[in-house]
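Common to both upcoming complexes is chain A, partnered first by chain B, then by chain C.
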Partner chain A sequence: MKPKLAKITLDQWDARYEELKSAGLAEPFYGGPLRRHVLDGDLRLADLKFDDSPAALRLWNFLLSEEDRLFSARDGGKKIVGAMKDLGTVPVMALGLPNVVAFYPDGAWWIPCVMRLGDELLGIAQSMGAGESFCPVRAMLAAFATEGHFPIPDLLTCSVGATCDDFSAIAQRLTDFRQSILWWEIPARRVPQVGEEAVDLPGGLTAPVSQVRFVREELERVRRAIEDMAGAKLDDAALADGIAKANGIRRLLDELRYKAYTTTPCPMPAIEMLVAEMLAIHFCSDRQECQAVLEELLAEVNRRIAAGLGVQKADAAGIFVVNPPADLRLMNLLEDCGGRVCGSDYMFGHALDEIPPDVEPMEALARTALADPMAGPAGQRADRILRDAEAFGAEAVLICRIPGASHCATEGAVIAGAVEASASLPVVEIEVPPLIDSVRPNIQTRIEALVETARRARRRRK
Partner chain B sequence: MTAVRVAYSCSYVPPEWISAYGLRPERLTVDCSAEAAAKDCAGLARLQGLCPYARAFAASVIAQQADAVIFTTLCDQMRRICELLPAEWAAKTFLLNVPRTWQSAGAFRFYKEELVRLGGFLETFGGRAPSSDDLAALMSAADNDRQECRTLAAESFSQADRSLKRLALTGGPITTDDSWLPGVVRQHSGLVVLDATETGDLGQPGPFDHRRLADDPFDELANAYFSIPHPARRPNDPFYAWLGENLAARQIQGIIIRRFTWCDTWAIEKNRMRERFSMPVVEVEACGGSGARARTHSRVQALMEAIH
Partner chain C sequence: MIYAGIDAGSRTIKVVLMASKGNRIIASGIADQGIDQERLAMDIFKRLISSSGKGRKDISRIVATGYGRNAISSADLAVTEITCQAAGVRLLCPQARTVVEIGGQDSKLIRLEADGSVRDFDMNDRCAAGTGRFLELVAARLGVGLDKFGELAGRSENPAVISSMCAVFAETEIIGLLAGGASPADIAAGVRDAVASRLTALAGGRLDDPIVLTGGVAMIPGLADVIAKVLDRQVQVSARPQYTGAIGAAIIACSRPEHSP
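Entry: the complex of A and B
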């Protein structure tokens, strides 16, 4: 039996880092020990367990240095687009211009977790009118107000329409703080009617041509705004180049996800895979480096697969995870309970699917934007989850409920119902607050029950 | 023969359009009591975090045995309830895409396309597409009715007891649960002189332009409803323009926002109203049961004390 790779704590990473440096570890400019991020306030890292590879170290450092990267970009004369909510489309457009960099202020929703509530963003948001009935993305409102977590963008866009009301309301509140926003619309995706002209979207979906045309027009408004901000033409050739680069990342992630989620023993921990997937939406503000980070991670996965090494026992129960957990610690807990991730839907499946390369760039981007799993019926999202769960060999489904999120009131029931009816997989839906510590025993018990149920079903199948 | 009953809640559903197809539009006044929701909509009653209005609307659709239901995308939870209702009730459902944005010609065109699609839906159970003349006649009649209401409201305002403090009531749709609220306001020497709820003046289209109505009634219908200034539109500056104008016209001294638990659209507006208008603003809980009534009493009392 092959030895199981150890996941290590932050303290253990200190020693591991010294060991790697002594052995000649070469790091990119943003490299360094993980400890420094804790000293900067990212206290939750001290509670997590990490993969011990240099590839994982690079991944974490890349993620946690984004703020510095954005400020450097500004200092270097680049224009910054803050893209809100569309999760995967506007940053691809920004890739077409060399002097533009895009990021998602939405990412601030993890700050309360990562800083262990230390920055009091949720309290600040509450004082601004976004209390606990809103999902943790309200931290973004406070992050804008305090101006301490990212540079204020030169252009701020927000997709609305078929989005959660939390986000739309919070974004509207931003306009009270001198943030002008380019609002653009992604309508609720619907099934084409009989006889209605339809078009295929990424992810195996279809939509009426009229809806795609509308989104395309909306994206044209975004294109003009980016051009005005950058003082440069964002022509179709530049867009096509951006799409090709984005697809390169998406293909890389596709291979990484397939290998990490289907190989036994599991070659990469759940938390590192979650971070890797997040890179798809905006490349963490540096597409080239993003590609290098993912290539190194994939190489590590390939090396482990070849050596038969894994981070979980071979009998770990394969769990398909729906929605990103508000507390990253949940991913560790899932593995501590004997699970492993076998597939995921972190609400941005459309950012993982290849952008259609064979149609005009704006058409391709419109189709991709409309393929957002959150823009369509929850039943369609459930269908995709079922397909992917089967493809990745998942044995159970964990739905992470986001506190206060308008979509979470109903979608869990739809997804759970579809999974139980069609795939007979066990499902649990668990509300995950930004810090799970106070409810950890309850969450742990439920995940353990899910794992045990999945294992029992596996034994019955044999 | 009984007309087919088409239920809806959202202000962006033009009842004239449904009537023009020979069907009966019914904007439901929902019953928010938990008993009603549990009895008529057991599946939805179990969902955690569900907006009480969305749940009660579904329950009311079932209790009142509507033949068809129109939902819109203006509210995320109502959009999603549209997907769940068929499991609870056999009514035909339709989801009308209402653009959140309003500043582009494309958004207006999209809304018009959606109304056409709604017409197609109405035809699937007996509706018949109207002629332009028929539509124009219906619109004129509805416009006259609304104008009459506005005139009555203006007269009522001019005759109101000047010693009472003048309030605006704003927020989500009024329900049967709210019938006691004006009494509470009166009890504390106040009077609601502006109904800026979604089912009140706020949710009404402006007067039709009679020349455009004669030229192209459908376009005028769509334009009037598309221009309703709801706080969920982005940006929602037109809502504040409308509210500011009406607060001034009716010399409002204080604002009550009725908010359903989990309704983010209205929740975010409380602080914004406070910052924009120099008058006290309080929030009261809608559909909150007997506990909420006690809190509402206290809040309305506090509001009155804050008005000088």
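Entry: the complex of A and C
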């Protein structure tokens, strides 16, 4: 029997880091021990368990140094685009210009979790009128107010319309800081009517040509705004180059996800895979480095698969995870309860699909943007989840409800119903607040019971 | 061979000793929950062994379940109350296809396969409304013990309407009702009805017959009838409803290890 790889605590990472450095670990410019992020206030790291590979260290360091990268870009004279509620389109455009950096302000939703409320962002957001009835992304509002987590962008864009009501309401409050926003609209994606001219979208979807044309016009406004801000032309060649590079990352992630989610024993922990997937949306403002981070992670996964090494027991129950949890500890907990991730849908499935390479760049980006799962009916998202759960061999489905997020209130039931009806997989929907401490026993019981039920069903099938 | 199931619930600890032959219950005991769960559980356990004329070495395996299952270090295995409730109901009500369990701090709805294993389940999220703890708070506010709560509610002629689903707000509402002259019986009946109504939201229409009610709250007289009325289905109270989880744990302890969850 092959040994099981250990997941290690932050304290253990201190020693592991020294060991790796002594062995000649080469690190990128943002390297260093994980401990330094705790000293910067990311207290939650002390409660997590991590993969112990240099590839995972690089991944975490890349994620947690985004703030430094953005302030450094500002100091270096680069222009900064904040792409809000954009799950993978505007950053592809913005990074087509060498003097432009794009980032994802929505990522601030994890700050209260990572900082264990140390930055009081949720309290500040509440004082600004965005209390618990809103999605935890309200932390972003407070991050804009404090200006401590990212520089105020030179251009702030936000998709609006069929994407997310909560987000639109929160983003609108940014005008309180005289922060102008370029709103671009995503219509509610619909199935083409009989005889209506239609076009295929990534992810096996279709939409009327008229809707794609509308989104394309909206994105043309974004393109012009980026050009105006940068003082440079963002031509089709630059866009095509950006799309090709973004697709490179998407292909990397596709391979990484397939291998990590289908190989037994599981070669990479759930939490590192969650972070890796998140890179697809915004590349942590550095697409080139993002690619290098993912390549190293994939190489580690390949090495482990070849050696038959895993981070979970071979009999771990395969869980398909829907929606990112607001508290990262949930990913550790899932594994502690005997589960492993076998597939995921973190609400940006379209950012994992290749951007169509064989059409004009703006057309390709419009099709990709319209394929946003939040822009279409929950049933279509459920269809994709069913398809992916089967492809990844999932044995159960865990739906993480995000407290205050309006889309979760309705989507969860639709997805759960579809899974029960079509896949006959056990499914559990749990609410995951930014700090799970008060509900941890309840959450743990439900995940353990889900694992027990999945294992029992596995035995019944044999 | 003798096996033990320990249900370390949020309000009480239950222990069952079971003979593997015929899954026969040899002894059972209960105590209020406290700070040192392990000691409380082991006190009952030792008392039951002693009263059965057995020794510790006669117990082949212990399975712990319930909210405090992971605190019982003497157990060989910890299994969730969801799986244990299903196993217990399988013994006590073999035909059951849905288990409604109202425990001390949560409510569960468990749908079963034909072989009695868990098909799927749901639990209330974080709120205590509709749980044993909630009823206990209300009973105390009305000046009766939980054991008299059902009887009190049964005397109601005009059940009050409890609109709040939050335990804290409901208590405030009850204070207001009392101040407004509502009788304790009507308030108790209103709370009982609210608990039953809450289950419909949890069920979401996913109920397969026959439905069995378990958990300590199931012992409140009249509650099953109200739940049946609200759900518009027949609801049967399990034999020994408070012990169903511990019985299930003992059954799982009796199973061969490879058959454990």
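By definition in this document, the second predicted complex is superposed on the first by the 462 of 462 C-alpha atoms of A that agree within 3 Å, B and C clash if a C-alpha of one lies under 4 Å from a C-alpha of the other, contacts with A are read in each partner's own complex, and residues count from 1 in each chain.
In this section, contacts are C-beta pairs under 8 Å (C-beta built on N, C-alpha and C of every residue); 3 or more make two chains touch, one makes a residue touch a chain.
A quick note: this is a predicted structure, and the numbers were derived from the prediction, not measured.
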Handout entry: Which of chain B and chain C A:Thr453 touches, first, second, both or neither
Key = second
Exercise for the section: Give the label of whichever partner, chain B or chain C, reaches more residues of chain A. Expected result: B
Exercise for the section: Go through the superposed model and pick first if A:Gly131 touches only chain B, second if only chain C, both, or neither. Expected result: first
Exercise for the section: Mind working out whether A:Pro426 is in touch with chain B, chain C, both or neither, as first, second, both or neither? Expected result: second
Practice task
Check whether A:Thr264 is in contact with chain B, with chain C, with both or with neither, and answer first, second, both or neither.
Solution key: neither
Practice task
Return first, second, both or neither, reflecting whether A:Asp165 touches chain B, chain C, both chains, or no partner chain.
Solution key: first
Practice task
Answer with first, second, both or neither: which of chain B and chain C does A:Thr206 touch in the superposed model?
Solution key: neither
Handout entry: Touched partner set for A:Ala413, first chain B, second chain C, both or neither
Key = both
Exercise for the section: Considering only touches as defined above, state whether A:Gln179 meets chain B (first), chain C (second), both or neither. Expected result: neither
Fill in the blank from the handout: Contacts of chain A common to chain B and chain C in the A-superposed view 413
Handout entry: In the complex with chain C, residue positions of chain A that touch it
Key = 413, 420, 426-431, 438-439, 441-442, 445-446, 448-449, 451-453, 455-457, 459-460
Handout entry: chain A residues within the chain B interface of the complex
Key = 128-131, 133-134, 158, 160-166, 168-173, 175-176, 181, 183-185, 187-188, 190, 193, 210, 214, 217-218, 221, 377-379, 401, 404-411, 413-414
Exercise for the section: Write out the stretch or stretches of chain B touching chain A in their complex. Expected result: 43, 46-51, 73, 75-77, 79-81, 83-84, 95, 97, 99-101, 103-104, 106-107, 109-110, 113, 117, 120, 232, 234-236, 261-265, 267-272, 275
Exercise for the section: Enumerate the contact residues on chain C facing chain A in the complex. Expected result: 67, 79-83, 106, 113, 115, 117-123, 125-126, 204, 259, 261
